[in-house]
Structures are given as C-alpha cells and as structure tokens.
Amino acid sequence: MKLRFAAAVAAAMMAAAPALADLTVPNLSYRTGPYGANGNQYADGFNDYFTLLNERDGGIGGQKILTPECETAYNTEKGVECYESTKGNNALVYNPFSTGITYQLIPKVAADGIPMVTPGYGRTSAKDGSVFQWVFNPPANYWDGASVIVKHLLDVNGGDLNGKTIALVYHNSAFGKEPIRTLEELSKKHGFTLSQIPVDPPGQEQKSQWLQIRREKPDYVILYGWGVMNQAAIQEAANIRYPMENLIGIWWAGGEVDVEPAGAAANGYKSATFNGVGMDYPFYGDLKTHVLDTGKASGGGAHVGKAMYSRGMYAALIIAEGIKKAQELAGTPEITAAQMRDGLEALEITEARMTELGLPGFGQPFQLSCQNHGGSGMGMIQQWDASAKQWKLITDFIQPDEDVLQPLIQADAQAFAAENSIQPRCN
Amino acid sequence: MLYREAGDFKTSYRDDSQTFPLKLDRMGYWVTLAVAFGVIPFVITDYWANAVLVPFLIYAIAALGLNILVGFGGQVSLGTGGFMAVGAYATYKLTTTFPEISLLIHILLAGGITAAVGVFFGLPSLRIKGFYLAVATLAAQFFLVWLFNKVPWFYNYSASGQITAPERTFLGYVISGPATSAPAKYLVCLAFAVALAWVARNLTRGTAGRKWMAIRDMDIAAEIIGVNPLTAKMSAFAVSSFFIGVAGALLFSIYLGAAEASETFGINKSFLVLFMVIIGGLGSIFGSFAGAAFLVVLPVFLKNVLVGAFGWPTDLAAHVELMIVGALIVFFLIVEPHGLAQLWRLTKEKLRLWPFPH
Amino acid sequence: MEQLLYASEVLVNGLMAGVMYSLVALGFVLIFKASGVFNYAQGVLALFAALTLVGIQQGQVPFAHLINAITGSHISSFGWTVPSLLAILLTALVMVGLAILIEALVLKHLVGQEPIIMFMATIGLAYFLEGLGDIMWGADVKTLDVGLPQGISDTAEAWTAALTGYGFFIDRLDIWATVIAALLVAALVAFSQYTKQGRAMRAVADDHQAALSVGISLRFIWVMVWSIAGFVALVAGIMWGTKSGVQFSLSLIALKALPVLMLGGFTSIPGAIVGGLIIGVGEKLFEFYIGPMVGGATESWFAYVLALIFLVFRPQGLFGERIIERV
Amino acid sequence: MSPTSQTILSELAPPPAAPAPSADGYVTADGRKIGGVLMDLRHITLRFGGVTAIKDISFDIREGEIRAIIGPNGAGKSSMMNVMSGFYVPQEGEVWFRGAKRPPMRPYQVARQGLARTFQNIALFDGMSVLDNIMTGRLTMMKSSLLEQALWWGRAEAEETRHREQVEKIIDFLEIQNIRKTPVGRLPYGLKKRVELARALAAEPKLLMLDEPMAGMNVEEKEDMSRFILDVNDEFGTTIALIEHDMGVVMDLSDRVVVMDYGRKIGDGTPDEVRNNQEVIDAYLGVAHD
C-alpha cells in the first residue's frame, strides 16, 4: 500500500514528456502572486504568438512549437523547479520573465548549454556575448531604458538638462537598482542632479516618498517599479498633483494595469517601451482568424493588444525568428539548444522583416552577433490617454547613449568573468 | 505483530537513552541511511535533485533549527528568512574573501555568525513572550533583509545587489557553482542534514534539551528549579540560528547559486519554515523532516497532477493548489494538531497491536 | 522653520497613514479579544472582501475562468452594474456567510487548541481564501471606485498656506478614512456597550468559561465576531483598494498592522488606534529625518523595531493588562 | 511584628520535652539530632503595591529539621516560601542561608545554593516524560558544555548516565518506576505531586521546601506522602520546610511550627506549644480580628 502510493507519487512527480519531434519552448509564467496581473498578460501574448504560427503556418519549418507552461509565481525557487522539470524535454530556449529567476538561471543555462532570452529584463551586462555565451537580452535592457528616458528628457529640454533635478523612484530589488549606475554616469555627463528614492516591495504605501518629491520638486521623476508599486506611485503622484508628463516609467511600469486604477488622474503619464502599442497592425487580423475566433487564445483572449500582452508576444517573436535562423543554419528543422544559440547569434530582424510579419514598426531592427547579445537597445516613449484608455506612442525609436553604456557593460561583464573564471570568446 | 517492542530489553541506561530504542526503528533508520547514501546518489537526476531532494534537505535543516527554538524552546520566531539571509551572505563574503579555505568550513562559520546574530535578536525574548515575541522577531526579518539590500559591502558592490556563488570544490569534486553535479549537491546537503539531525537529537535528549523544554513548559518554575533563563533561551536561539544559518548558506551556495535578500529570504520564507515545523510536529526531529517533505513535495506533486495529468491551465492549477494546501493544513490541524510526527507515532502504536487491536 | 513645517506635514500625514494601519489592526484585535485567535487571514479577508465588492459592483460572473476552462464557454460578466452602496451591503452579507462557514468548518473543530495551532489554522485559511478569491474573481488588478474622493485637499492646502505660508498636502481619501474609522470605532463601542450581543461578546472576551456557564453560545459569538471582523476587513479593503487597486498585494497590508498590534496590545481597540497613529507618525518621521542618511526605505522595518524597543520596556503593550507572574 | 504577638512569644516557655534551640541545635522527642541554623529569615516584609503580604516576620530553620509553616488561607504562607526560594524579593528584611546573608540574586542562583521546592499548584513540565522531569532536578549539577552535548562526547554521555543512576534511585524510592516514560501531562494529580517531589529530591537540596504537598489528596495518598517526607528527612538527612493545611499531618510530621495569620507571625514553637497558643486557636477558629 505504502509502496504503491510512493510509486504513484513518484510517477506524478515526473513531468509528462511531450511528443518528440516538436520544438519545446517552456513558458515559465506567473499568473498568481503579487505580480500575477502582469504575468497573466505576458504569458498569454507569448502563447498566442506560437499558437498563431502553429495554426497558420504549421509551426516553424514544419515543426510545431510547444509552449508548456510552468507557474513560477515570480518566485526564484519555483523558477528553478520549473527550469529543472522542463529542461529534460529538449527545451530549446528559456524566457523566465523575472530578473530574479534570470540571475538563478544564468549559471545553470551555461552549464546545461541552453540559451535564454530575456527581452527588456534580466542582467544588463549579458549583452556582452563574449562572457554570457548563453544569455541574450535583445532588443533593449534596463540601462538602455534609463538612457532612452534621459535622451527623451534631453529632447524635451532642447538638449540641455543642466541644473535640472531628476528623482529615481525605484523598486528596492535587483531590478530597481539596475539603472542607478547608468543614471549616475549620465548625471555627470549632462549635469543634472539625481536623487534616489527607494521603495521597499511590495510598496502600497509610498506617502513618505511622494511627500519628499512634493517638497523637493524634482523636474522629472523616473519610475522603476513593478506590480502594486506602480499603481501606488502613479496614484500618489496624482494626489500631490505632480505633472504627469514629467513622470516617466520604465517599460515594466508601462502597462494598462499600472495606470487604470488611478483613473483620469493618470492622464499624461509616460513610459518607455521597446515595442509598439495598440492593435493597428495587420498581424492582429491573422491572430483573430487563426487564434481568437477558433477559441484557441490563451486565457480566453481577454488581454489581446494590452501593453504586457504585446511584450510577451514580441518576446515570442524574437524567439521564433531565432528558431527560424537556427533552422536555416543547421539545415534541419529539428534543431538542438546549441543550434538555437547559433541561430540567435546570427539573428537579424530588419524593418522589412517586421513588415512581413504584419507588425511594421512594432519592433526595432537589430542584429545580434557572438559579441553583441543585446541588439541596438532603442526604445520609444508612450503616453497614457486616460479618456481613450490607450497608450499612444509619442516618439520614434530613440538610440541610447552607447558611449556611456558600453564601458559600464564591459566592466560588469568582465567582473563576472573574473569571478567565475570564464574565458571570454568571440575573438 | 511484526512491529513490536516486546522482548527488546535494555540492560543499561546508555541503551535506554539511545535515539531509537526499538530494534525495528533502528533497522529502518540504518536502511534509510544506506539508501540515502548508497543508492540515491547513483540514480539521482538534475530534476529530482533540484526540484525535490536538495530543497527538501535544506528546508529540513531549517525546520530542525526552528523546531529547536519553537518546539523545544517555546519561543515563536518569524525571523527565519532573515537568519537564513545571514547564513547566505556570510558564506558569500567568507568564500569570496578567503577562497582558499574550503566552502564547507565557511558554511559552518556562517552558521556560527548566524548564531551570534540570532542571540542578539533573541535577547528581547527575556522580556517579551508569545505572539508579541513572534511579531518582534519580524523586526529581525525586515531589518536584516533591508540591511543586505542596502549595504553594498555585503554583495561586493555588484550592480544589481545579487550575490552569486562562485565555483568551489571539495576533494576534487565541484560542490558549488553551475558545474555542480546533481549527486554532489545532494550529498553535501544530505551530509549536513544527517549530521545536524544527529546533533539536534543529542542536544534535545540531554541537558540542553531539558533546559529548553523546562522553559517552554513553565518558565517561572524552570527558573526556580535552577534553570538560568538567559542562557537557556540564548542557547536555544544560538543553536536554532546556527541550523538556520547553515540552511541559508546551503540554499544559496549549493542549491540556488544566486540570491537576492528581499526575494529569496523574504517574509514568506519565515512563514514557510514555520508551517513545516507545525505541520511536521512541534518538538519532533522526525517531524521537521516530515514537515519539510510535505511542503516541498506537495506543491510539486499537485502541480504535476493538475497541470501534467489533468491538463489544467497553470493559473487555475496554481489557485487550486493554494486552496488544496490551505485546506490540507486546516484538515491536518483538525485531525492531529500535534503534526505528522504524532500521526506517525499513533500509526506505530496501532502497528504494535496489529493484528490484535485489543 | 521650513524644516519644521515639513516635519509637521510629515507628522499629519503619518497620523493619516496610521489610521489606515489601524483599520487593518482593528480586525485582528476583535477576533483576538473574543476568541484568543491570532487571525493571520485578516489581510486576505480584506483582499477577498475587496475582490467580492468589485466583482459584485461590475457584475462579474464568479468562477468564470473555471467555468470557461471546464465547459469551454466564454462567460465573464452578467452585463449589469450594481450601485456602490448596495454592492457594499451585499459584500457584507457575503462576509457574514464566510464567517458562518469558517466557524462551521474550521473553528468548531479546533475549540480549546493551543493558540499556535489556531494561528496555524488561520494561515491555512489564508492560503485557501487567496486561491478562492483568485478563482472566483480572477487575478487581474481591479479598479475599485465607490465614490470616495482622492487627491490633495485644496481646502487644507489653502488653510495651511494662509496660516503658515506652506500649503500642507493632505489626501482627501485619508480624511475620509479618518472619518470612517472614527465612525467604525464609535459603532463598535456602542455595539459592545449597549446591545445584548455586544455585552455577550465582552463577557466571552473576559472569561470563556464563565460566559459559557451563563448560557452564552460561544459558536454564535464566534460567528458574530468573525462577521464583524469581515466587515472591518471590507472597510480596510475599500480604503486600500481605492488607493492602489484591488490585487494580491492588498493581502500584504496585514504586515503593516502587526507592529500596531504589538504596540497597542492584541486585546485593546483603543490600543489599535493609538498604536496605529504612533506607528504611522514614527515611521514617517524616521524616514523623513533619518531615512536620507541610511539610504531610505526604512519603513519596512522601522515600525517593527519601534514596537520591539517599546515592548522591551513595557512587555504588555500600550493598553495591555499588566502581567503579574505567579507560581 | 506586632507587640502583642511578641509578648505571646515571650510567654512561650521552652517545653520540657525539647531543649531550647541553641547555636548547636537540639535533640527531638524521637531522638533525632537537629543541627545549627540553616536558613535564618530576619524581619521579612513583603508588599504588593499597597497590600502587605508579609509583616516583619522572623524565624529560622535548622539543619535536619522538619519545619512547618501553617496558617489560614491568605495568611501569606506561599508568599513566605516564594521569598525563601528567591522568587519574591522582600522590601525589607534579610535572608541568611548557611551563615551568609543572601545578596540580591535571581531565583535560579538561589536554587544553585541548594534549595529545591515543590509548588502548591503543581509546576511540572507537562510536555516532558516523568524521567525527564526528574532529570531537570539535576540540571544545576550538569557540567558538560553545549559542544560536548551536541556531539554526545566527552563529559556529556558519562554525565547523563551518572545522573540517570541517581534519578533511578529516587524513582525507586518514590515507587514510580512504572510511569517513568509517561508524559507528565497524562498523570493523575496524586502522582504528579509525587513526581514533583522526586524532581525536588533529585536536586539533592540542602533545604527542601514543600508547598502544600498533600493538598487535594485522599487519606491514603496523604499517608504515602507523609511517609515519603519522613523517609527523606530520615534517610538523606534533608532539612524540610513545608506548608500544610492539614493540622493533623503537620503536628505528626514537624519538629517546629511557624503560624502565620494575615501576614503576621502569631506563633512559633513545637507542635504542642503551638497547639496550646491562644492566638493560634483564635485564628483557626475564626475569632473576629479587630
């Protein structure tokens, strides 16, 4: 009796193996916990893109793409469990959608030889492919985001930020602390004063922080928040009547969920983004025909077109293009994880290709290489229109300040290489 | 009738105070150990190591530690996450500062440092009791996490505040860092878990354990019969924190390989370990293992059943999983408030009588 | 001078924040006082109440996601909206129903267990309700609007500006919260002083055995107390939900209430209020004066440390009864 | 001490049967030798807030003696014992033990000087077995370090076995062998009392204090307990101070008796003397206090 039970437990502990010959891209998602609202949309977008490819094109190169989901609850340990339980099934590439889990997985994917793609999050210095051989963070990273925002502020101020003050309100975690070093460099370069205001997660209560902002009256506030912290920050900003157009969030503070609870007061709030917004793309026609109308949409299609959904979709797009490239290079549709890495390192997404995919201007053109795992790092600025309940793009793609970023990335990557005795390659 | 104590006589007090007075229990124990050390390392996969066994062993150590404090010492603590963070960060600082010294020694030292921190935060227990103390230990939890987040020295000034375990070897085998094999991880954790369980058993069956339990059961009477509450409570905090520190060190250096204070060692960790202790059984060493196994395995099990076998969407499964875990906690408490260990004892008592129930 | 004005503004806002903490702490105190149960699920109760309120208000179909997943349908909404006041009433009824269920399924079976076991059971309950709330109403961030105003109060700003030359920031929602909290406490006091049920509740709080022996039904009292705590959770949920949307993180406000409880004593309603005010003011002033020197974000731990230091000197809390040790 | 009781005391002439207590002790009626002063309580006054529980009481306890403290409910007997065991610190007065004045110290330090006691409302450790409870009586004698205990090495194991042997003797003596491994919480009242006595005995105290050791017992149990008390005194030569309600028991057991009423001492002497003391009789018969 006891033995039989143990056997049943053991059997259940073994994750079900998918049919061979399919390509597996595990979707480490989170639909519960404090960040479940964001994770929900993202995971739906990620799934739907592959569903569309499977339904419309029969997969990529004739190979169906499976995206078995595993719930991480944004928890690093569950993330590791998900990674371990899925990697055995010929996992091709990972996209954990959590900076914390990314840090856990960086050494693991290197040991296992499975590439990881972290669009817009994760470890910034992973852009240096000579050190981080298995990690990719195109098209933009946290430091790019900070630089793009400052560039935008330069544009708004006629190229001069001298004497201005900028406050950084940040999630007191790995993610929130990322831009500090960049912004410090940029403040030296452009002569603005940077003040740092940390908010401990979860961050529903930010009265002190916003009273401080009200007293100090910084010209601009940059928001690196996540989850409830964003909603609370935008609400408090509205409460003190901080000019919304001077409050600019990183892309993870740029979803509908972040602004909607504040209602009309959030009108004019800006955030960075590395992908297009809204549903004015031909792509959505196909999506409707093949996925939404056939009832195959992930999560019932409730979030199609939302900002987080779009980002999840874009992440899937980058991975799909990588698979395609890898198949070309390998000369076979049944690629391995190592071949996937080669495909990603040869990945080039042009404007023409984006148009071909039905998403003209949705994402920036970029090219990866052995050395460059991060792409061009451009971002746009979007602004919230509360009456229409829509994000509007107000700039084109803005190039980050590579002069400042590149040395920082190199220094950080080299420190990592030294700490872990990694021999840089690509020479 | 197969499981019995009749005829199992003790001829010395030494025999009588051993861990498993019954021969059958003793045999079961040795067989378990033999399998754990002799069989599992050869069959273990990455998945079993990383998703089940390694976290189980590490949490068992933490639960043992907390059980010493709560179950034996009667002092409720919600600072476990913070103390685990001390262990993790101490290991990180030690092993990056003195890379030539074995990681295993650093882990023990980290336990010692955690013990010192634990004693400091345990001092209020001399004045504060019960739930007030539980909430007071949250001060340690939040302050320590804030400290490790805030002071760059603790994370060697890395940009994101993450700490990453460097590669370390023991007897030529890699035991830390990404290249660690599943058996190596498992064996290191197993060795620590077995050794510390043995230590916990020794402490709780002897003088220290009696002092702790006396304070737990009736602190005033304990003092009047000669127990110094200061040393008794502080030694409970020290020993408990040592265990928890080692667990934190292993969690970081062997299991996860990277950690961030607020994410990995948050308040949830404190609650999780406390659940393990209560569900397993307060004041029981076996219970610490049972509780850890229950709470590590159950979610993985439920996830695999609901998502893997039934094919539910992951979010539904995750929500149902929460409901099931919650309902099971309540159910267990109603059926047996003294935890899995008591359930196991009762089962054994029934087995002794089987097949003649009267 | 300017610094002093800023400090006063911080102090006023600290008081307001304290009221918000007190609202959560009140629920804990009610249950602990009447049943000796440290109800960890209080935060989740607030989340559950707020979720239910939004769900009823917007005419969501409960368990829509589950139903859709099983039957393949696409339902989500009844297509009606319910007026705020009615929705609040209906939610209060749901909370009463929940209290009855909790009593019948959990508490009844655990009468007389040790406090830590009861505590543990409420943690199990918290898990369950968290999952249930998500399944019933979905995990999205929801906007809660029952018509409470938000944002800076112009009147307060104008007055203070005229008086001191610096216009204070006072959130209108906070003013409302203060008024509502005052009304709530007054109602609770009136209830416990002037109604038969209230007196029975106090009797149980004083002495379980004695209350039972004069024929008070413990089960009824427990249901009643949990219902009231559910209602208090609803009020707290409305306040916090209006502030930052209804979502999982709402349940974490319980962590803000714990130091208030330590300070005020687990059994004292005035303690919950005064403790909340002290914590609110203390953590805001500390963040204002000391925060910048140590890198900020001190609010996560300061409240606990303050309460801890206080307790070392006065172990029974602010309003707790003095502990006399006997053998 | 009120003047009246002082006069009464001075009127109490030394009885012919027992010689006056001197520095060197005396010999009891049944021929036991009583030694010098073990504990001397001098002018003890104890107040709780405005309530005075003990008013200027002095008496001594001699080596080898069985000394009883009696009095009606609320007389302050238990408070007196709490003062003796160091749990309460009196506002006035001195406690002398083995010829030295007791400095301010914590109760556990008092215990280590060689005092052990039982409690009126049994204070056993409910979660532990009978054996472990009795072993706690010997905690003050344990010398092994935490590290030795952790590794069950060096002194730890030897110590455990040695003390276990002593405890087993006490278990035999009190005839509780069959409940050795039973958790104390499950025992009936009478046995708990016995285990508590065992725990106190295990400490091998110089002075054993028993707070109502026979309260709530039936006649048979009382007889057993009386026998144990006498045997302890006899076999180990342990000095015993006891509080008891049952006058019959007190008169049979004790060598000298202190009588308390309303926090005052109203009588002190051999059982016979106390029995004939008018104030004691009044107190027990409930004569109205003025």
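Letters A, B, C and D name the chains as they come in the text, with residue numbers starting at 1 for each one.
As a convention for this text, a residue touches a chain if its C-beta (ideal position, glycine included) is under 8 Å from a C-beta of that chain, and two chains touch if they have at least 3 such contacts.
Please read all numbers here as calculations on a predicted model, not as lab measurements.
Distances from each chain's CA mean to the overall CA mean are smallest for chain B. Chain pairs B-D and A-B differ in how many C-beta pairs are in contact, and the one with more is A-B. Chain centres here are Cα averages; for chain B and chain D they lie 43 Å apart.
For the pair chain A and chain C, the distance between C-alpha centroids works out to 35 Å.
Averaged C-alpha coordinates give centres for chain B and chain C that are 33 Å from one another. Residues of chain C in contact with two or more other chains: 65, 134, 139, 295, 297, 300, 327. Within chain B, contacts with two or more other chains are made by residues 146, 149, 220-221, 224, 313, 315, 318-319, 322.
Contacts with at least two other chains are made by residues 31-32, 36, 40, 172, 200 of chain A. Residues 45-52, 55, 96, 146, 149, 158-162, 164, 166-167, 177-179, 255-260, 262-264, 268, 297, 299-301, 303-305, 307-309, 313-315, 317-319, 322 of chain B are the ones that touch chain A when the two sit in their complex. If you check the complex, the residues on chain D that touch chain B are 85-87, 106-108, 111-112, 116-117, 119, 123-128, 132, 135-137, 139-140, 142, 144, 146, 149-152, 156-157, 159-161, 164-165, 168, 199-200, 203.
Touching chain D in their complex are the following residues of chain B: 12-14, 16-17, 199, 202-203, 206-208, 210-211, 213-214, 216-218, 220-229, 235, 239, 283.
Put simply, chain C touches chain B in their complex at residues 38, 65-66, 69, 105-106, 109-110, 113-117, 119-121, 123-132, 134-135, 139, 255, 258-259, 261-262, 266, 294-295, 297-298, 300-301, 304-305, 307-308, 311-312, 315, 317, 325-327. Across the interface of their complex, chain B is touched by residues 9, 12-16, 29, 31-32, 36, 40, 69-71, 73, 75-78, 80-81, 83-85, 87-88, 99-100, 103-104, 106-108, 110-111, 123-125, 172-175, 177-178, 180-181, 200-201, 299, 412, 415-416, 419-421 of chain A.
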